[in-house]
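The same chain A turns up in both complexes below, where it pairs with chain B and then with chain C.
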Partner chain A sequence: MSEMWVNMGPQHPMTHGLWNLRVRIEGEVIKDVEPEMGYLHRGIEKISEDRHYNEIITLMDRTCYVAGLAWEQLFIVAAEQALHITPPERAEYIRVLSAEFQRIASHIMWYAAFVQDIGLMTPFLYGMRDRDLILDLFQSYTGGRLTYEYMRVGGVRNDLPLGLTDRCRKVCDWLMDRFVEYDRLCLSSTPFHERCDGLGVLEAPEAIAYGVTGPMLRSAGSRRDLRKDRPYSVYDKLQFDVATATTADVTGRYLVRMEEMRQAVRIIRQCLDWLDDHPGPVMAAQLPRWLGAPYAPVGNEAYLLKRNYPTGVGFSMVEEPHGEAGAYIVNDGGEHPYRVKFRSPVLINIWASKRYLPGYRVADIPPIMGSVDVCVGECDR
Partner chain B sequence: MSTITLFSASDAIAAFLLAHIAYVFPAPVKGWITSGDVVLGLASLIFGVILLGASMINTIMLIWWERKLLGRFMDRRGAMHVGFAGLLQNFADGLKLFRKDTFRPSKADSLGFWMSPTAYMVTSVVIFGILPISTGWNGGSLPLTLLLALVIFSFAPLFIFLGAWASNNKYALIGGMRSAAQMIAYEVPILLAVVAVVVLSGSFNLTTIVLEQRNYWFWAPLFLALIVFLTGMLAEMERIPFDLPEAEAELVEGWNTEYGGMLFAFFMLADYVRYLVGSILVVLLFLGGWTLPTYVPSALTSFPLAGIFWFMVKAYLVFGGFVWVRASLPRIRTDQLLRLGWMRMVPLALLSVVLAALVVAAHCLPVLGCVPSMGG
Partner chain C sequence: MKTNELAARLTSKFGEGILGVDEFPGLLGRVRFDAAIASKLFHTFRDDLGFAHLTMVGAIDWIDHREVFYTLWSDADRVYVMLSANLPSDAPTIASAVPVWPSANAHEREAWDLVGIRFEGHPDLRRIFMPEGYAYHPLLRSFKIHEPEDLEVKVRSE
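Showing the complex of A and B:
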């Protein structure tokens, strides 16, 4: 059969979102690929210029709809830097707890979607079932299951309800059992290895050259993890290992994510112990008045406020479930940021597909692209 | 008590009907209407309608069975709300598909596009006419039923490829080509596995093959052939792990991407007809058909229609095995599938033919006993 271009997207079961992978195939062999992004662009960076800092948090939930709290944390770290606010330590621990639970939820979501891509239906439903437990936890202390709007500049919205830490511990125990089950369903099955071993290989030097981060980079043996290399929040006080693999292929990414979930449980357990022992405030005491205001001030007041507060620049990098996310905020003294810029790890990881897809077969596209963990919301922003 | 067969029942119904309408007609017509030929003709028609209805209902029940089983494997319940335990859910789904608009993409080839689902459906359903369900419950005991069934069963890739090509869709075309390659590749091990059964039973007649399993079922000496046959059937049925012609992750829906509404329902129904036929063939060839082992208490085999009952139980259990495989295995790739077919299945099938020949040479096996036609 001669060469032809096939559009895998924008509406295609492989894409997990709204994007288009144009593939040039000869028979079943991939010759070239061309990702087309932008179908889900909502102008979040631009909208942010017209929002209160605390209102931008609602946008962060919608940036990546499977890792809302991780993106809230990303924005909060940069915003607090730009506004010269220090949150209380308890709030930091609650944020780390939330972010790590979010990491597990996101990785389980990835697992469910990924196994669906290679034709396994049962683990998909197991994954969704177990993710629900984490969403239940989120619901009980943030009120939301998908869009949380929980973190605030200067802390978090509310403290954990009574008894939540014990519930979290129970969920952690249950999850640790389930991870064993996940591995048994996948790693112990020969067809799984036939579909995943040696596919989508992206070695560490190439990955770094492309700017690929997160589990994709760590699966190539690199030990880069922002939580260790550039610790933010309270990660420097917590013990955990960086999950790595050596094969740089789909199976490697699977192993890295599975190990990351176990390490996340380890971090969560430490956070829970700390939170039990250290009650205290969860919001900073000295906050600008307008940060607590529900609505933007109108008229002259906004002009006046603009004069009254310090200016600053905030930059944060966070090890988000998909990779390294970055936020850059310029505060020119107003109640809105002057400019906001986000770095999406998924966008870079998808663009590197020009390197790691050609040469494989059409049937390999779903496992390979599935192993990237695509979240188009953060990709297009 | 004379045994009721499906044909004698249809014959009785036809004779009854004709006798009761005949009196309104004048004498010559009356005589002709009640003559043997007309009764036979109507009886054949009624026979066909009953068979079609039974097979369709069984097919739809098979979908229910798969949904419920899959649900349990996946820690959920499956269809629950329409009818008792969701029994009517698939009828409701069928009705919904029936009411949907059926359309053809403007660039698709009209003849091939419409013909493919129809031909696929018809060639799948026709096999029911020749499969013996129980003694006397078949359309006719031809000497080469097994061969005929397999021949009709292997028509499918032709019509699938026709529909895929006519759809004028790249996904459909890739799916159609995969389907054709896969089905043709797995014909070979299936036929070789069947040869092992034929060697042992000495017949191509499915009824005879079942009756030859009076002393022991053929899966015991021909375990290898059973494995090959089951694997081959999975590939022929295009079920996970061999469902790559319709691998939804990369090919959307494979060869039936462009089919919607009733045409899709035709494909899906025909697929399940093929699943049912596949399970039935396994039961007929390896699991003793409608017979039960002799040590089973006779109360279990003497109630009315016991043969059909046990036959269907076995067929549904075999299909349950296929569902179990679907619930636990991922999909493999085309090259892996073809390699498995030619490098593993064909040698294994050849080995099983040799084993069957050895069993025949030995006449009687130590524990199992003898095949009746060989002096048992």
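Showing the complex of A and C:
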């Protein structure tokens, strides 16, 4: 049978964003794939070269629009290293709390979209309902529901409002019950297993060679998790387990993400207890004036103080909901970073589809690519 | 492994190919190397030193030269290390890391697209974000984002 190339995208329900998967097929069987990116490239690295550090935080929310706080944390860790600033411990706990809630929100978003892809409608509605509770929490202490601009170099913008920790606990309890429901909806469904089991297999050695990280790597039995392997922020003081699966297929990735949400609730509860017992400042005391919270410096002030800027480099790797995100900041003493380089886990996970898609059938593409958890915003940057 | 230990091992193997091993906050170190030994150095890091993960490849335009950097992770030592090489601005060429780490493919395409680094031996060195035939490498310092008249997209018509 003759072979042909088929474009899936840039407008296709499978893509969950703007990108194009070119597939070479022979009959129903995939022979080769060629992912094409760039439809959502906004030049965030270039714009960052022209902005103050606190202004880049705004861009970080737009980098990944379902995990804004995780990307804010990524940038902040690197920027504080480059600028030689240490945040107070309470701010670190609030950041971890935010990042873990963001992980749950991102995973629920993934769950809702992915399960709808394979034909189950109800989980989409349930997922969106429960994600809204987390967005409500974010709204009450950051002011935003999707783009937060909450973290700052040196701390966070404001402390948690009164009573928020109790509201968070209620949401955690609610979510833990819902996770049982999610599993019941999917794992007891025969069509779910028929469409997911044994698809998109990528074993750990190949996944490492192809740079795949995050839940996709852990579903192959690897225990790689930056929160354990190279703890940043206060993760070394918190107890949690690394979620893994052994099947390395779509179902395995589902199981890993479900377990990660439960572990995230565990982390959040520890953070809430700590935050209740340890009131204190959420912004470093001796900040240079040009970094003063809550707003970035304006006008001439930054230029007047230009000569006092420190130089340095910042390198951070963060376990973001989609995988390992990285930032490398070169600070040459100017008011803007000289160069900011971000590593997007999604770009590499999508690119590795050259390895895990061939051999399967065309109808398997939506569940397999759905299980990657594509966010084109951070992929194209 | 310590930074000076790494420096001693690399220098005994590569001699003058290693230009220096610097301290780097949060990393095992930054290895500055001569682009001529790139391929051998990559093999050494993967096979002898156990750095199986390539996490990042990027490039910086320092105006008088360009810098390519690679960050690697070792599962055994639980550390990152950064490799960095300076390339001349008029001929920024270095051996591709794809034969050693397949994951370098997308990273190197990005470095070519945005900073204009040529990776010799890359199987498919095309632009990844900007359209094919685009006239600029946007992350070069000479590309200004506040001069809209220069920003007219120039795409070659096929």
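We adopt the following convention: the second predicted complex is superposed on the first by the 368 of 381 C-alpha atoms of A that agree within 3 Å, B and C clash if a C-alpha of one lies under 4 Å from a C-alpha of the other, contacts with A are read in each partner's own complex, and residues count from 1 in each chain.
Here is the rule we use: a contact is a pair of C-beta atoms (placed from the backbone, for glycine too) under 8 Å apart; a residue touches a chain by one contact, two chains touch by 3 or more.
Because the structure is a prediction, the values reported are computed rather than measured.
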(request) Look at where chain B and chain C land on chain A after superposing the complexes, then choose clash or fit. (result) fit
(message) Quick check for you: in the superposed arrangement, does A:R195 touch first (chain B), second (chain C), both or neither?
(response) first
(request) Once the two structures are overlaid on A, work out the angle chain B-chain A-chain C from the Cα centres, in steps of 10 degrees. (result) 120
(request) Considering only touches as defined above, state whether A:A285 meets chain B (first), chain C (second), both or neither. (result) neither
(message) Once chain A of both complexes is superposed, is A:I47 in touch with chain B (first), chain C (second), both, or neither?
(response) second
(message) Under the stated touch criterion, which partner chain does A:L162 make contact with: chain B (first), chain C (second), both, or neither?
(response) neither
(message) Contact-wise, after the overlay, does A:D117 reach chain B, chain C, both or neither (first, second, both, neither)?
(response) first
(request) Please work out whether A:Q81 is in contact with chain B alone, chain C alone, both, or neither, and reply first, second, both or neither. (result) second
(message) Can you work out, in whole Å, how close the C-alpha atoms of chain B and chain C get once everything is superposed?
(response) 23
(request) Flag every residue of chain C that touches chain A in the complex, lowest number first. (result) 24-27, 52-56, 58, 60-61, 69, 71, 75, 78, 80, 82, 101-107, 110, 114, 127-131, 138-139, 143, 145-146
(request) Please name which positions on chain A make contact with chain B in the complex. (result) 4, 6, 8, 12-14, 28, 115-122, 125-126, 129, 185, 189, 191-192, 194-195, 361-366, 370
(request) Sort out for me which residues of chain B touch chain A in the complex. (result) 70, 73-76, 170-171, 174, 240-241, 243-244, 247-252, 326-336
(message) Looking at the complex, which residues from chain A come into contact with chain C?
(response) 37-38, 41, 43, 45-47, 50, 81, 208-212, 224, 229-230, 312-317, 324, 326, 328, 330, 338-339, 341, 343, 347-348, 351-352, 355, 380-381
